[in-house]
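Following are the structures in question.
Two complexes follow with chain A in common, the first pairing it with chain B and the second with chain C.
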Partner chain A sequence: MTDTILGVEHLSVRFGASTVVDDVSFAVARGESFGLVGESGSGKSTILRTIMGLSPDWSGTIAVNGVPARGTPRREFSTQVQMVFQDPYASLHPRHLIGNAIAEPMRIHRMDNVEARTLELLALIGLGEDFAYRYPHELSGGQRQRVAIARALALSPKLLLLDEPTSALDVSIQAEILNLLNRLRAEMGLTFVIVSHNLAVISYCCDRLMLMQNARHVETLSRAQLRNRELDQDYTKAFVAASTL
Partner chain B sequence: MSENLIEVKNLRIAFPTEAGGWHQAVRGVSFTLGREKLGIVGESGSGKSLSGRAILGVLPDYVRIEADKLAFDGIDLRAASPRQRRHLRGGRMGMVLQDPKFSLNPVMTAGAQIVEAIRIGDRRISRAAARKGALDILHSLHIRDPELVFDRYPHELSGGMGQRVMIGMMVVREPDVLIADEPTSALDVTVQMQVLSILDELVERRKMGLIFISHDLQLVSRFCDRVIVMYAGQIVETLDARRLGEAQHPYTKGLLACLPEIDGPLTPLPTLDRQAAWSQLP
Partner chain C sequence: MSTMPTHTIARAQVRAAQFKQIKSFCRRFARNPSGMFGFFILVALLFCAAFAPWLATHDPYLPNLSGRLSAPGADYWLGADELGRDIYSRVLYGSRLTLLIVGLVIVTSAPIGLLVGVIAGNFGGWVDTIFMRVTDVFLAVPKLLLALAFVAALGPGIVNAAIAITLTAWPPYARMARAEALAVRNSDYVNAVRLAGASEFHIIVQHIIPMCISSVIVRMTLDMAGIILTAAGLGFIGLGAQPPLPEWGAMISTGRKFIFDQWWVATVPGFAIFIVSLGFNLLGDAIRDLLDPHLKARP
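Showing the complex of A and B:
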């Protein structure tokens, strides 16, 4: 791979005595959309959280745009990569106005024109300017997830980590969010790493995917390999069979 | 026993609003349930769970429930006393909820919860007999080592196992009707089918009536005989589950079209263009 934006090598993550990610390596090319698939407890979300610096005990190397995750100040690293969480009902502060929630990362980074940029971001995700003066409880789940995406884009990172971005949403809203994500990726040249248990979502959104089971890497496939059912491992075959029926 | 286990005619459910008015969440739902598998599908807020809970009688007191008819096996549920309804719940009607992590008692072992369900139904059953009943039901749910699961606490069980324990609690007293509210949404795809086939087997063998509430139209149509599609508190369409492709209502069609598929096209997904007419009262 020529232009790697995210490199993860020999990553292991431990929670106390148990190892939840066991020697996992993968690389994501610039502009690519990469999927992490697996059952609950397979460690896929933990990988994203570790990239964001949310796991205390890990070994191996993580680099985003050549910037190592270990040793780089959080403030500098946070301009490289941002994350969107699963539950839009839990990931926005209930007592902060939407505008403030989106502006906060820019204020922390002492950026200029924060207000104007906030309104730009609201327009980008398809919400009107008046949403800046609303509270999260006034928004639907899909609208909140849009706000979470705007907030993640506030610092103009090139890499976006999405942890089950649509699994808390209705299927009709899921379609809107997936369309929005695809449009943003094309327009802004973003790279995505998407965690999902839904193989259909991954096959629709991702160029390549990695299947995990019990903290370990099982198989990495391209979309074409998945769709032609060129599957090596038994677990992959079982997983695809359970997802298609 | 009459043909219809459950008869619902023009069910309306309303919540009081802060302004002092009423918000109509369910607006005139009618259906019947025989000894069959009936799916109720809709988005969040469509009133599908509320309808299920109204039948069971587990909605809070401040909710206003009106219906021209709300009957279970000939018993008028509107006129039934709380005592009578308590009697029906658990004994003749059961409910399986979405997430075993939240709906099992965290400080009781799985077995003790099933034993409790048995002994609430019949106090004369001895402890030993109840234990045996619980182990039998766990066994019939394809749990390989029932003794082991019996002594586990909910946090020591996986999601699929927890859901089986909950199904066990609900079917151990052999209810006539089982209401399953998103019983597999919290489970992994690989476990989902297992739990569904267990549920299917139980319903078939005991000739229960099942109401399967879900947001997943595909899943419901694979599993049920008939499917009711709800939108904004009303039924927009009732379908034969095998004839999903013949859906007429634009909302049903939209729900089917907006799902990505593993082998589907990569063009933008069609989104629902919600028409005001869909939510107007007929």
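Showing the complex of A and C:
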């Protein structure tokens, strides 16, 4: 593969006795948008959390931009990859102003011009400057998710992991967020890994996708293959049929 | 240089946003009549303590043997005690001692409990085990008994009484803060800053403690009544403030001997304790209605 930004090889994750991700390997090319699809409990979100170092017990190798996930200090790793969480209502601190939430990663990394960068990021996600001085409870779900995206972009990572970025939002807001994400990817040369159980979202946003079932890899498809129904595995056919794309 | 003006504007706007939060809190508080009543009692207590020398009619320490045990009247508004000291003036000065003890206990026990609980909850593992077992040991001993033992060891006195009460008052805060920290430490917003490379110290100070503060404040105001009663109890058995200090519990203790013939000697300080405890309880209830995160979830 040419210019891999995320390489995952033989990844297994265990929660106690149960194996949640079982020997999964995949690679994501720079600038690509990669989808992880599967039913609930198939281990797709766990893969993202493991890449970010939120699962304690895993084996295999993960490398982002050539930096190994195991053994790299989180502070250093954090400039390579950031994550946007599923629930916008739970991902912002209820007692912190929006501006502080976005500025905080930059303050932790002691960057310069934090205030100015915060306002730039707000403009980038399409919110006005006055949003910096509001509390999360004054914002709608879609606005909060935009803020979460801005916070993830604050450290200018090259890779962004999105865990069901739209599943908590209603349909019209979903489209808004997806368009925002597509625009940001084009403007900033980002690479996305998007987890979703919604094939419509994946086929709209992703160049390639990987289907998972019961902690295992089932099939990797390109967008064209998905749209032309060139499916090899029975489970893929059943999954796509059930989604009534 | 050019960033300086935007910087100061941002600070002012942040302060305005925070001020708005406080204002909305005050407005909601003002709608609660019993809470306002409690608040007025607290304000009255603070006023009495601050202006005791001007409000008092007599010197609280000066005996007047000709006026021993006078009934309430024009000269002694609330009567005089067994040495002829004006009870009204002594109760006023006693409010200072009460506030001193409550203040000392709250200022020490709440932060200690908060820190122990938050550290235990955030780190888990053996840190959690050690901290919480120590907390359990303190919780296992009856409060007043433990305070008695400490005062007996340290010697009687106001500050020692406050230290003794502190030693018995912090464990509930630790329990509560730990429970809050456990709930918050793996939430998405804490994970998000963790992923940004924040140190655990930063997470505790900036993210976990602000989420515990409201529960701690609620617990603090509700605890104050209990602290006043414990302090008065220690004074009553002679282990708190020493004579001639006009501590309310000690005053009740001396009035006990005359309770059938000169009822006012014990009743007036008792009534003061009752009013102030009631005020703190009402205030605590009102603040809990506004701040308790578990009540907020309900519509």
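Note that the second predicted complex is superposed on the first by the 244 of 245 C-alpha atoms of A that agree within 3 Å, B and C clash if a C-alpha of one lies under 4 Å from a C-alpha of the other, contacts with A are read in each partner's own complex, and residues count from 1 in each chain.
In this section, a contact is a pair of C-beta atoms (placed from the backbone, for glycine too) under 8 Å apart; a residue touches a chain by one contact, two chains touch by 3 or more.
What you are looking at is a predicted structure, and each value in this text was computed from that prediction instead of being measured.
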item	value
Combined model on chain A: chain C and chain B, fit or clash	fit
Which superposed partner A:Thr220 touches (first chain B, second chain C, both, neither)	neither
Partner chain in contact with A:Gln82 - chain B first, chain C second, else both or neither	second
Contacts of A:Arg134 with chain B and chain C, given as first, second, both or neither	second
Which superposed partner A:Ile108 touches (first chain B, second chain C, both, neither)	second
Touched partner set for A:Ser12, first chain B, second chain C, both or neither	neither
A:Ser25 touches, of chain B and chain C: first, second, both or neither?	neither
Which superposed partner A:Asn65 touches (first chain B, second chain C, both, neither)	neither
Larger contact residue set on chain A - chain B or chain C	C
Partner chain in contact with A:Asn179 - chain B first, chain C second, else both or neither	first
Minimum distance between Cα atoms of chain B and chain C in the superposition (Å)	8
In the complex with chain B, residue positions of chain A that touch it	39-40, 141, 170-176, 178-179, 182-183, 197-201, 203-205, 226-227, 238-240, 242-245
Partner chain A, residues of chain C touching it in the complex	3, 6-7, 10, 13-14, 16-18, 21, 187-198, 202, 206-207, 210-211
Chain C partner contacts - residues on chain A that touch it in the complex	52-54, 73-78, 82-83, 85-87, 90-97, 99-101, 104-105, 108-109, 113, 115-116, 119, 132-135, 148, 151-152, 154-155
For the chain B and chain A complex, residues of the former touching the latter	43-44, 159, 188-193, 215-217, 222, 254-255, 258-264, 266, 268-272
